[in-house]
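Same chain, two partners: subunit A is paired with subunit B first, then with subunit C.
Let's look at the complex of A and B:
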């Protein structure tokens, strides 16, 4: 293990490294879920989107490596992950807006369907090694290889961080952002303004799924950097809780993603210094954290501050 | 009015059948795209699920935990809660069942140990989901999310215990607990391999049906599910109902865990997390939260699950094919929900307009 030589200093280093790596899928999925929920619909199926995105990215990167070279192939994979996500988003967006159809139930169905397709098509890609996204090694000044290894930042991380102000600006200052918020907060008013609720929600869900697909690409082409049928351990589902924690604000989504990524790194970090008797319990930290946060922030009397008005309500 | 009720009952039979038919067609298309002959796939699934007595036994063995985990979603759904913590309740129930089973050892009579294990799992699963209900009622925490998070907690707790305090050092295949005594194994029905879990499952569904449809408690639950504000106004104890229905649902999933341990696995390890929980959510939604319909749907889904191996061996399709099929069925059934009340009226109206137009043109 890389942290052995550093002793106890390895723990914070491993946590920082784990945060930088583990927060990327959280960031994309939570931004996608944020966009979706702003329009008044929940997409629980982003877990399936994440898995299909991971598989698509890995498969395309592997298959195109010969033709495009190891530099470009992963990026085509990232794009394919987003497109695959949009495909699932289209199904979810159309189905969840039918009369009497519960969007939570559709989400669960989409998890099964998305994982099924991903596992089905991904069978041949479990063994081979696909070219990974090149990382930005910002710590090459350091003489310690552990530090160098810890600060291999993915371009997807930077892309995700860059998306945060863009999405924030989109919601606050653009016409389309206003449409999304209007549809999510008060569909009747939006209808009176002549906005098509169905179209705006469909677009929000599809774009949200696109982002979640990119999150999947981060899983398979950056960290952990492989494709297995258990690549995602519920990040897509936790995104829903994360967005509640972030109060539907893109900037808060960023901080929450970093926090969750860090929490996820606790188990491996302590294991690296020999504390592994509580490995599984440390790994459960993000779930406990989410639950505790929800217990403290929710209230039966009122809806949460910042929650879109039409969220979770029948049309 | 007579006319309408006739339409309604025909709809409730026709629509699910059409949904499953549509799912079969879509799945066939998918198989064709994947390079397999859809008819061969259907035949293989049918043969592996219902083709022989042996296949029937495989199907029914898988159907019994589904009936129990399905109730974990179906019962709270009647009160308007969407709970998907089935997997967690199952794992927690299995954990407590193993603890009780190991504590009893082989000294006590087998029947008593089985009874105690079942009781422990009922309590464990029930309390596990009751926490979700309490969080919902007292703190307004979304029950879908919290129950889902608790799945991961239960699995983490189980993994922690079987890797640490409960671990049997002599069992090397994977970290597992000690084996429960042979006297506490759940037997099979006479003349078959099907274990008694099937009776548990069918009985639970039957009891749940009577509870929901024929008792005051069930009526209060359904009323709250229809309109929670009206139920509050009418003075129904919504909080107590929430806790009670969550306990009942969770205890069924917990019992499924005990059945899996006592009849199939015999010791606790990661294999207990075998997606019976999420498949149970599917069962509940497909049967529209009707416990009697759940028996039928569980058998169908049990058959689909049982056919996974055959598809892989004889048609060279990945085992995930079954997952794709489940997903398609689920999506089709959900869409079909939007057709109720429209199937006939929409159809007839269109024809009427047309005939009127033709009539006028003449």
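Let's look at the complex of A and C:
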């Protein structure tokens, strides 16, 4: 029965469930940012991309539900989220490569622009309910409804996980991956090889934004599954910090995203079993984690192992 | 080293041309709005000397968020509809920063607003206070009950409703419906108004079944969708089967509860369309009657500063400051009967929500037996405790 209480087992279950549910946007944004930063540019604007992605996915899913049915419409929404992300990526990629333009400053402008345009266009979608992405219920064997509910896995999560080895292989073993790394590590050498720095960076930023857009779709079409103006609450920015923590390695991006996703569930889970003091502290875990990461990994004295050589440098 | 001209690839002539074009565009754009503005006042010359009385509403979030802002926006729309000669100007998603001061200034100076309703709690100090000092002829109405006589400017009125009365009745329904005897409350921050809601909801439920407990989870902020969903999910995992909330937009909580197949009770506005199966009832604001009556008084030329409109306006279910959502399909006949009884009792003043003996959940005695606190008691506005039966802590 649904009324069975789980007691203390609720905490690990909530963390696992939170990890599966909440890590998807982190995963996509961090993979996208990983690709972008490998090419030597930072895209802080992914927070805005995440919001625009969430809005476009929700809006398209809602508007097309009549025509395409509730099964297909969310998937078109996911695609549109990616395309909307690419649009923002194009602007960022073009602007940040102009002379005397700082990519961090452009990124901050893009956060404001992306969020603004999402809020503006998203007004009519706050109220209606859009069809959601179907989930894979892998725990229906369990007699506990709590366990069944925890293991409703989004296909987007699986897609994100599948993307990790692909991206890793892309960087290590493909010619295009080599181009991206060359442009990011040593633009001069890449230029000597005859690679267009501008084109490679533009492509990396656009594809990175595409992935971040998909992350937004996970927010609005899977979990928590709605469009509001404060849907992302800083997750895009956290994911950018997470890439540094992950040392620009796709596999480590995956572990870091899972960690951050799980950390979000900590505060509510502890309160629900009666540990109710210090909830502000528990609720702040993701932010504290980000800070700790920044403190331990950033130092003006040395460059980080694994950091793309041209990252954050004027060319 | 490239030469200086290369680093700034525009000639002086191009810059001058650009500047000219921009200012020309700006002028025409400004001119356009300047022209279009007098038209509505020119055509709409009904009462009040041929000019509409302009009232400005400012919201902290979108106007259709199924929550706090929607409740106010619906009230504002009713005011504009029911009061002839009154013109409404609105701005949504204005943050509680200097942005709201600018919005107020624009509404006063450009739209000619004579009365302003900046609705969010955090607008009051210092933004409304500053603007009220600067524009003593404009009337300011603020939802929250923060006005202090002698301290704050004379042209401010603050209004607020005792929505915990409605929460009590919703608690009665929840108490009847819950099978596990565990209710859940997703809360933002432990401020007195929110704690009143948690406690009234619990008292209502315990009036039906004294063994019922309410689990409260604080998310830490007014709008954090992911945390609200996590809070709902983890309470369902612990066997909670009726959930309500006090956050800016209850949409996430209601939808998550419906997905998990439990019951929910709304807040701020009617959310029954979000949870057609599990929605029991809800504590809603009912600003339309208050706003309409204020609008009529404003049109009639009454003012706060002169004392025609009181500085503090408060009321509960009986005064139409709040109401209950229509009962959902899952509400039993017995629950309906008890809820109607509680509603009538509160409206007539015979039912007191906070009556002794009343203890906090840490065992401290708040009210001895035989003593009670009326809903209007100022003591309740300092609430910093959770009563017996609530699981949670305000620290």
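Definition applied: the second predicted complex is superposed on the first by the 304 of 315 C-alpha atoms of A that agree within 3 Å, B and C clash if a C-alpha of one lies under 4 Å from a C-alpha of the other, contacts with A are read in each partner's own complex, and residues count from 1 in each chain.
Simple rule for what comes next: a contact is a pair of C-beta atoms (placed from the backbone, for glycine too) under 8 Å apart; a residue touches a chain by one contact, two chains touch by 3 or more.
No experiment lies behind these values; they were computed from the predicted model shown.
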Overlay on subunit A: subunit C relative to subunit B, clash or fit: clash
Subunit B versus subunit C as contact partner of A:231, first or second or both or neither: second
First (subunit B), second (subunit C), both or neither touched by A:100: both
Contacts of A:109 with subunit B and subunit C, given as first, second, both or neither: first
First (subunit B), second (subunit C), both or neither touched by A:290: first
First, second, both or neither for A:250, with subunit B first and subunit C second: neither
Partner chain in contact with A:123 - subunit B first, subunit C second, else both or neither: both
Partner chain(s) touched by A:274 [first = subunit B, second = subunit C, both, neither]: second
Which of subunit B and subunit C A:44 touches, first, second, both or neither: first
Partner chain(s) touched by A:87 [first = subunit B, second = subunit C, both, neither]: neither
Identified clashing stretch of subunit C versus subunit B [58-66, 184-192, 238-246 or 310-318]: 184-192
Residues of subunit A contacting subunit B in one complex and subunit C in the other: 99-100, 119, 123, 229, 233, 277, 279-280, 283-284
In the complex, subunit A residues that touch subunit C: 2-7, 10, 13-14, 17-18, 21-22, 99-100, 119, 123, 126-127, 129, 145-146, 149-150, 223-226, 228-231, 233, 235, 264-265, 267-269, 271-274, 276-277, 279-280, 283-284
In the complex with subunit B, residue positions of subunit A that touch it: 44, 91, 95, 98-102, 104-106, 108-120, 123, 229, 233-234, 237-238, 240-241, 244, 277-281, 283-284, 287-288, 290-291, 294-295, 298-301, 312
Touching residues (chain side subunit C, partner subunit A) in the complex: 7, 9, 61-62, 64-66, 93, 179-180, 182, 215-220, 223-231, 233-239, 241, 249, 251-252, 255-256, 260-262, 274, 391-393, 395
Contact footprint of subunit A on subunit B as seen in their complex: 34, 82, 84, 135, 137-142, 144-146, 148-150, 152-153, 156-157, 159-160, 163-164, 278, 281-282, 285, 317-328, 330-331, 334-335, 337-338, 340, 342
